[in-house]
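First the structure, which I've put down as structure tokens, then a few questions once you've had a look.
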Amino acid sequence: MKITAGELCAILQGKLEGSADTLITHPAKIEDAGNGAVCFLANPKYLPYAYTTGASVLVVNESEVFTETLKPVLIRVPDAYAAFTSLLKQFGNTADQKKGIEQPVHIAASAVIASDAYIGAFTYIDEHVNIGKGVSVYPHCYIGAGCTIADGTTLHAGVYLYPKTRIGQRCIIHSGTVIGSDGFGFAPQADGSYQKIPQLGHVLIEDDVEIGACVTIDRATMGSTIIRSGVKLDNHIHIAHNVEIGAHTVIAAQTGVSGSTKIGKYCMIGGQVGFVGHITIADRSRINAQSGVSKSITREGKAWNGAPAFEYTASLRSQSVYRNLPQLQQQLNTLLQQKETDKDTHG
Amino acid sequence: MKITAGELCAILQGKLEGSADTLITHPAKIEDAGNGAVCFLANPKYLPYAYTTGASVLVVNESEVFTETLKPVLIRVPDAYAAFTSLLKQFGNTADQKKGIEQPVHIAASAVIASDAYIGAFTYIDEHVNIGKGVSVYPHCYIGAGCTIADGTTLHAGVYLYPKTRIGQRCIIHSGTVIGSDGFGFAPQADGSYQKIPQLGHVLIEDDVEIGACVTIDRATMGSTIIRSGVKLDNHIHIAHNVEIGAHTVIAAQTGVSGSTKIGKYCMIGGQVGFVGHITIADRSRINAQSGVSKSITREGKAWNGAPAFEYTASLRSQSVYRNLPQLQQQLNTLLQQKETDKDTHG
Amino acid sequence: MKITAGELCAILQGKLEGSADTLITHPAKIEDAGNGAVCFLANPKYLPYAYTTGASVLVVNESEVFTETLKPVLIRVPDAYAAFTSLLKQFGNTADQKKGIEQPVHIAASAVIASDAYIGAFTYIDEHVNIGKGVSVYPHCYIGAGCTIADGTTLHAGVYLYPKTRIGQRCIIHSGTVIGSDGFGFAPQADGSYQKIPQLGHVLIEDDVEIGACVTIDRATMGSTIIRSGVKLDNHIHIAHNVEIGAHTVIAAQTGVSGSTKIGKYCMIGGQVGFVGHITIADRSRINAQSGVSKSITREGKAWNGAPAFEYTASLRSQSVYRNLPQLQQQLNTLLQQKETDKDTHG
């Protein structure tokens, strides 16, 4: 994709400073941009790069003040960060969207596939599957019997959907992700062995959900494991059976949620966090990375940290004393010895 | 599957209270059950739902006492939890078991496959593989040269077995799981780089093992990485080279076991636990979630917690003081100041 | 592969003690070796096995002194550990290297594949892919448009490369690994929902890199996520967008590196470690397992531990006091009570 600074300025409804004919060939980061690059500057930390960057065009905030003259053409906009996101979309959209059904594929007789869907080679679609308009299913996907995939959703290569999984509109699911595998349910027997508890439920994913690579979401024992609208899951996340993740909650990589736990809406959850099973997390909770959440959180909008997790600022205070523990112990020992000495002296 | 309350009661050998003709179409959780549903009630926590559930039939303990009349038909059994597991099995078994070999597949000339096995499309079976009776290999599996899969085992879609992997009877392995990948072994060189140590061993999985989705089990450097009978592994678990997991041990999701560590029988291991390499864990050990086990555990049947892990109840006491550390420091500071004051006064 | 003790001794340039005709059929661990096995002994911990092993041949250090006569034939070498690594290579190389293109595969018209490459069945190679000499791409791989794979690299079964991924020479990538998936980037909107920030960059992997099973490496937002030469990544590792891992750094399983973090050269990083985003880690840093690295590390060659991580030996001291916290609290309480008593007495 090639575009001039003037054309881009018109799209972004900004103000141009410099030559409208300057050619843009690609977006780049300001610190390593070269000729043809368009960059954005929103974080003041990166301001020094404005004077040294090799970029051809810079998208900056209207209010940005520069103390030296700049080499790049400037496009001033009300919100440079937001403008750049939409600019990236423009460049991203140029990849040709594939259409049609490649061969070989396995498509069961009873599967219904919208005429404009893309089905990549080596994908397996079982009986009674329903695939909506504009859906892209890349190669090597497995779509079990009775699954539904609603309009505009993309499954990247190598996504596995166990039977009866339901996926909403405009979702994006990355490679290596497994949805609908059996929940981890075993009944202990008298001899110490375990009997498998059949997992008969399914997974329900609502609209506008994005799921990273190598994520696993287990089917419910009965009923549904549910991922609500707008949820964003990073890579390597584990969602156990009968869990529910509330709308517009984001979870960073390698976090695990144990069975039947319900996480509220608009939560922000760091990476490598663990949740025990059968608890409820209030809306807008923020959980710091590597925390272990062992109890329900009932107060909305609070931040938590630690393993086991407790209130965020209190946990930072404990962390800070923790580093100091050897000194603290020494001070205490000194007091104890003085006590002994006092006793000997005054006793 | 449709069944009447009377028929189900006969199967469970229970006592019926209500109409034997009540139709059951599916099992459900008591809190969200509707018409046609059969539910179970074992946990007293869920007792209130008995009076409000929309279920048609409830399986309850013989001894259960209700203070109000209930809408659902009751089936009373000695152990409602156990009865429900077998009931779920009944409903689970109704999915038609696939048979035969779908096309296209790659099956090497020297592979031996039982006549009643199911081999899904796009599965790759290399030379000298042996696949037993009643085995199901779903689509997109890769079975390397010389692997054996014993009778009644199921490989879900997208399971990768490196050469010479041996899997026992009645195992279930979920999608995205990789068995037999090279162990992480590299010899440091004088210049700071690493030379790969070839990994020539294999993975041996005994009978009745269930392995979750996106699990990795590395082949031994020499000899075998071994998963003993009845082991249950949850999703995203990492088992390094030359590890051995004892019979009937269960491990929750995202746990990692480093090289050459041997875990005993009948252990229960939480999620996100880490084990260092070359240690031995005694039988019936219980390790709490997120623990870091850095030393061998020699006493059987004990519980452990923390990172590094130590005795469970002691670790809970340390956790409890940890939360209190800022106050503890303050108290100590007060004593130290008083000491200074005393010194100034009496000194 | 069969070889005599004499032949092996010549290859290793060692000194033989015993019959040169002794037949070797396989390498094994000294503690469970049988007839035909060759073992090595380098770690003094394993010395007792020298007297009991069933092995036919032992590779030992020149300087090793035995107090009893041994059953196995001995090959004495200057460095038994190094010799054994090269011996394992010999046995490992006997697996026939596959060549040619199996069917069915999908290879786009514009893809360029070296004549001696191996492309396994069910592999998908999109437009403008370039595959070098001696490359092995096992079955079920997905190679997105514009990827390049340099000479001598191996992709095991089920590796997914998103478009424009570039992989260097002599790399090994294990099954289930996903390279180039979208970074986890979302712009928060006024209503609490998130808008996807397009991820337009790619992943660049240099030479001699080994990547374990079920690893995910996300593409950069713009520019490159970079894995430098000689890096070794264990299973289940998550590398976020715009990360850079320095040359010859090794990372153990289940570790996660957040976006834009740069890790130096020759680092050693344990398993289950987490790095926050946008930090820099100095060369030759050593990070203990399960640590949480929340700040940049500027001093080279130091060891770190804990979550949040701090200097290694200091963290061990804090860990040690942590275990002792209940006693420490009790001692403090005693002092406080005595203070109260003293006050009452003397006040």
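Order of writing sets the labels: A, B and C. Residues in every chain begin at 1.
Keep this in mind: a residue touches a chain if its C-beta (ideal position, glycine included) is under 8 Å from a C-beta of that chain, and two chains touch if they have at least 3 such contacts.
Since we're looking at a predicted model, the values are computed, not measured.
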Copy-to-copy rotation for subunit A and subunit B - C-alpha atoms, rounded to a multiple of 5°: 120
Copy pair subunit B, subunit C: interface residue numbering same or different (half cut): different
CA centroid of subunit B to CA centroid of subunit C, Å: 25
Multi-chain contact sites of subunit A, meaning residues that touch two or more partners: 104, 122, 140, 158, 176, 214, 236, 254, 272, 322, 324-325, 328, 332, 335
Sites on subunit C touched by subunit B in the complex: 26-29, 32, 81-82, 85, 88-89, 91-92, 95, 102, 104, 120-122, 138-140, 156-158, 172, 174-176, 208, 210, 212-214, 230, 232, 234-236, 248, 250, 252-254, 265-266, 271-272, 289-290, 319, 322-326, 328-329, 332, 335-336, 339
Residues of subunit B defined as touching subunit C within the complex: 104, 106, 122, 124, 140, 142, 144, 158, 160, 162-163, 176-178, 181-182, 184, 186-187, 192-200, 214, 216, 218, 221-223, 236, 238, 240, 242, 254, 256, 258, 272, 274, 276, 292, 307-308, 310, 314, 317-318, 320-322, 324-325, 328, 331-332, 335, 338
